[in-house]
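The two complexes that follow have chain A in common; it is paired with chain B in the first and with chain C in the second.
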Partner chain A sequence: MTMTIKKIKDRAFFYGVCFFSFLTVVPLVAIIWELVSKGYKQINWSFFTESAPSTFEAMLAKQSGDILPGGIANGITGTLLMVCLAAIIAIPVGIFAGVYLAEKPKSKYAAVIRFIADLLQGTPSIIIGIIAYAWVVKPLGSYSALAGATALMIMMLPLIIRSTEETLKMLPGSLKEAAAALGAPYYTIVLRILLPSAFGGLFTGTLLAVSRVTGETAPLMLTALGSTAINWDVTAPTSAVPLLIWEFYNDPNLADMIWSSSLFLMALILILNLIAKQVAKKWRIQ
Partner chain B sequence: MENPIIETNTPILRLNNVSVSYTPGKNAVNNVSVDIEENRITAIMGPSGCGKSTLLRAINRMHDLYPNIKTTGEIYLRGENIMEMDAMTVRRKAGMVFQRPNPFPTMSIAENVLAGYKLNGLRLSRGEKDEIIESSLRDVGLWDEVKDTLNKRGSFLSGGQQQRLCIARAVALKPEVLLMDEPTSALDPIATKRIESLLLELKKQFTIIIVTHNMSQAARISHKSMFMYLGELVEYDYTKKMFTSPTDKRTESYLSGKIG
Partner chain C sequence: MTKNVLFKSLLFAASFIVLLICGGIVYALVSGSWEAFSQFGVFQFIFSSDWDPTIGNEHYGALSFIVGTLFTSFLALALCIPFSLPVSLFIGEYFKGKKIANFIGSVIDLLAGIPSIVYGLWGFYTFRGLMVDLHLSSEGFGILTSSVVLAIMIIPYATSLSAEFFKMVPNDLKEGAFSLGATQYEVIRRVSFPMTSSGVFASYILALGRALGETMAVTMLIGNTNLLPTSLTDTGNTMASIIANQFGEADGLKLSSLIAIGLLLFVITAIINLIGRFIMKKFAPTK
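After this line comes the complex of A and B, so read on.
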């Protein structure tokens, strides 16, 4: 008798767990469905190669019942430009700061860095945008890709620092000793043994930081501003995919573009995350 | 130094009042003075925590990696005080093999053998590389097992093979001394036997100091043995003599299994 009640409870508990996990999947699937069903029409070759249409062009197309002309090439190139610029600085600086934290975990200086990195990670992105505005936009006198990249770089740093630290801490101490026992100088131990052995973790951490800032909008509004044309000049205002989504949202004629750009951004971030996961699996520390 | 043993061999290594402390005022190794003979296997025995590994790691200045560890005294390698030498030079002259096999996971078997050269920025010609790889792997009896898979990762090998690869990595640099820190404690009996017979071969080329908690291993392969207890060197003598007629009571109790 008691056995059956226990069994029923077990069952009920199990189905409850299933139900709630299903609940969390529902919105995710719904989001993807919404983006795909509303966005797929706009996705064609020119979506990737042409700049965003003007309101007028869009209005004409709508009146004749066509899909909107143009694409989001100015956003894609802008995102690429700014994320790459940010990564060029943030990756080496973040990795070396992470090496320091892992190598001297108990020093006071490390505690300070760790605290600042955590604080930075929790800082609202709009504040980072304001800082980049004050530090770069004001002195240069113009909105620019450089300013946008600065904001993204500041946002990437803590992610890379902490993931580097965590990965290096997972390496067995014997690895470092084995290299030291061969007479290797300290810098070669770090550069040729520790960092390569931690490659999987470093790569994953970096990719997740990239995917994290790729979707950032608020800091770019205050720094990169946006541009209607493809721009490779780092000192000029530049567009980005999330900025375009915001612009499309503000223009009723361009509303159809919201969904396709959102679908693109979501797919991009999904792909980055999937790559990160695969790399982490393949290069995990033995 | 007074020594009752008549030296048949020149000492390659002389330790003079070596002490090591992890915390100030507390010596993990206390005033150890010994002479180590060339081309012999010298064993360091003793119960866990007696300071045998600590003493061994003083010889290649491994303690320098940890700023809280202090080493005092003198260690002469062929008459030169290694405490005054550059630590990296010392480590190239005194190779080390660790308890657990630790081949570099990102490197192939061949790269692991050459790691000492690569990490020290020493350039080798293609021919020199091939020669070092083959001779080092032959030295550890691994050549026939891996000659077709030299470009595979070292981590694919079995534990015993990995440990022999680590020994090959150490001997590739042609060190004066090989320091072995319980090199067989993570291996099965067959792999252990293999390494023991390998060490008997290697002593023709190298001076070997081996830390072991396995008394019979010390008895099987070593020429002389040190017995350490609570950081002190209690007894240092020919292994045969120590096992048959130890002079110190503590050695006797350890060898008969009463302490340890």
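After this line comes the complex of A and C, so read on.
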């Protein structure tokens, strides 16, 4: 008798676990379905090549029952500009700092840096936005792509540092020893042996950091602000795809654009993630 | 040899930049909030729920937003656990290493990759309607709506970390229990849970840290009223959402007060994250 109660409990728990696990898939399916079903109509050539329409243009198109004119080119170029600027600084600094930490596993100073990197990683993005505002927007006297890139850079840095450190720690010590035994100087060991061997991990870490900041909205609201035209001037206000989504959300006439731009943003992030995973699989350190 | 020295100082410089950034963050937040704190006093600022921008009679306090933040985040955590725990068991215990576990794991990763603003849109256009249909609230905005969406947002963080801890439970311990006639449920309760409890707890703390700072989705769903929320269906504002809403047009004392709220949020999330990491380092099984 006790045996059966025991078994029933066990089964019930198992089915409960399965039920709740599959329930967690529901929001993902619901969100993707909503983006695709509402967003596909707006996706066409001009979606990628033209700037966002004005409220008035959108209103006219809506009245005549057309799809909205224009696209999100100003957002795509802005996102590209700011993410690249951020990456140019964050990748070398992050990788070098990561190497430093991996080479000094026991030093007190390294422990402090590690601690700060963790602290930065947990800092809410809106606070990073305030910081970039205080550092860049206030001294320059204007919202700018530079300020937005600064915010994104600060967010990418801890991610790259920690992934670099973790990857380098996995490399066998014999690799370094063999190079040193051949008389290679330290910088050659790091630049020619360690970093190339860790390439897969570094690439994955960087790509994940990029995909993480691509969808950020809050810090850009306080720093890059947005612009209605394509802008390549780093000292001028610049738009980004998430910023455009926020604008569309706040303007009822442009509401139709929300879904296509969100679909685009999601697809972009998804592709970055998939590439990162593929690379991680291929270059895994044995 | 000089090249070596140069290279080593380059590595050191890169790590020093991190230190400088952190110093710069603290300096910018403290100096930015100085005006508000000296005007109202730190204690007064934290424990006052007034938010009155009328010129000549300006008065700012953070209490409503601190309560809003804690209310939504803890509620989100409570809602997240019943989902996160089964999923981490599914991945780390029942189907450890199997294809189906990989599939669920990828879904969880994807959920983590969805931008906050997309969660906000989904909450605004779909989930809010559900809340209205269920007669839980007239407009659908408020604490409960934000918390549910927040809960979905932090499930990935809580799950992927705690699944790692379940995976780390040594197999021989479990096999020992099985050989004594224990069912899988009993193994989970008597072997896995006691071994992983602190690590899983730490994962939830870190997930809470995420919820505290989430901005966009909450801004779109909480209703943005500067009042002290007292019930689940009340509207309100969190510390992050008031900054997102009002930073753009603020200046002077109001700007300083918003930065002061930022400083408080920074301190709260830092403390929560530190506790989480401390527990994880101290009590986790060999890692």
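To be clear about the criterion, the second predicted complex is superposed on the first by the 269 of 286 C-alpha atoms of A that agree within 3 Å, B and C clash if a C-alpha of one lies under 4 Å from a C-alpha of the other, contacts with A are read in each partner's own complex, and residues count from 1 in each chain.
FYI, a contact is a pair of C-beta atoms (placed from the backbone, for glycine too) under 8 Å apart; a residue touches a chain by one contact, two chains touch by 3 or more.
Model, not experiment: these values are computed from the prediction.
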{"item": "Chain B versus chain C as contact partner of A:Pro185, first or second or both or neither", "value": "both"}
{"item": "Chain B versus chain C as contact partner of A:Glu216, first or second or both or neither", "value": "second"}
{"item": "First (chain B), second (chain C), both or neither touched by A:Pro172", "value": "first"}
{"item": "Which superposed partner A:Pro196 touches (first chain B, second chain C, both, neither)", "value": "first"}
{"item": "First, second, both or neither for A:Ile275, with chain B first and chain C second", "value": "neither"}
{"item": "First (chain B), second (chain C), both or neither touched by A:Ala267", "value": "neither"}
{"item": "Partner chain in contact with A:Ile230 - chain B first, chain C second, else both or neither", "value": "neither"}
{"item": "Contacts of A:Val93 with chain B and chain C, given as first, second, both or neither", "value": "second"}
{"item": "Chain A: partner with more touched residues, chain B or chain C", "value": "C"}
{"item": "On chain A, positions contacted by chain B and by chain C", "value": "185"}
{"item": "For the chain B and chain A complex, residues of the former touching the latter", "value": "60, 62, 65, 88-92, 95-96, 98, 100, 102, 104-106, 115-116, 118-121, 155, 166, 169-170, 173"}
{"item": "Contact set on chain C toward chain A in their complex", "value": "1, 3-4, 6-8, 10-15, 17-19, 21-22, 24-25, 28-29, 32, 82-83, 86-87, 89-90, 94, 104, 107-111, 113-122, 124-126, 152, 155, 159, 183-186, 188, 206, 209, 212-216, 220, 240, 243-244, 247-248, 258-259, 262, 265-266, 269-270, 272-274, 277"}
{"item": "Partner chain B, residues of chain A touching it in the complex", "value": "172, 174-185, 188-189, 192-193, 196-197, 199, 285-286"}
{"item": "Parts of chain A lying in touch with chain C, wherever the complex brings them together", "value": "6-7, 9-10, 13-14, 16-21, 23-25, 27-28, 30-31, 34-35, 92-97, 99-101, 103, 109-110, 112-113, 116-120, 122-127, 129-131, 133-135, 154, 157-158, 161, 185-187, 190, 211, 214-218, 221-222, 225, 242, 245-246, 249, 258, 262, 265-266, 269-270, 273"}
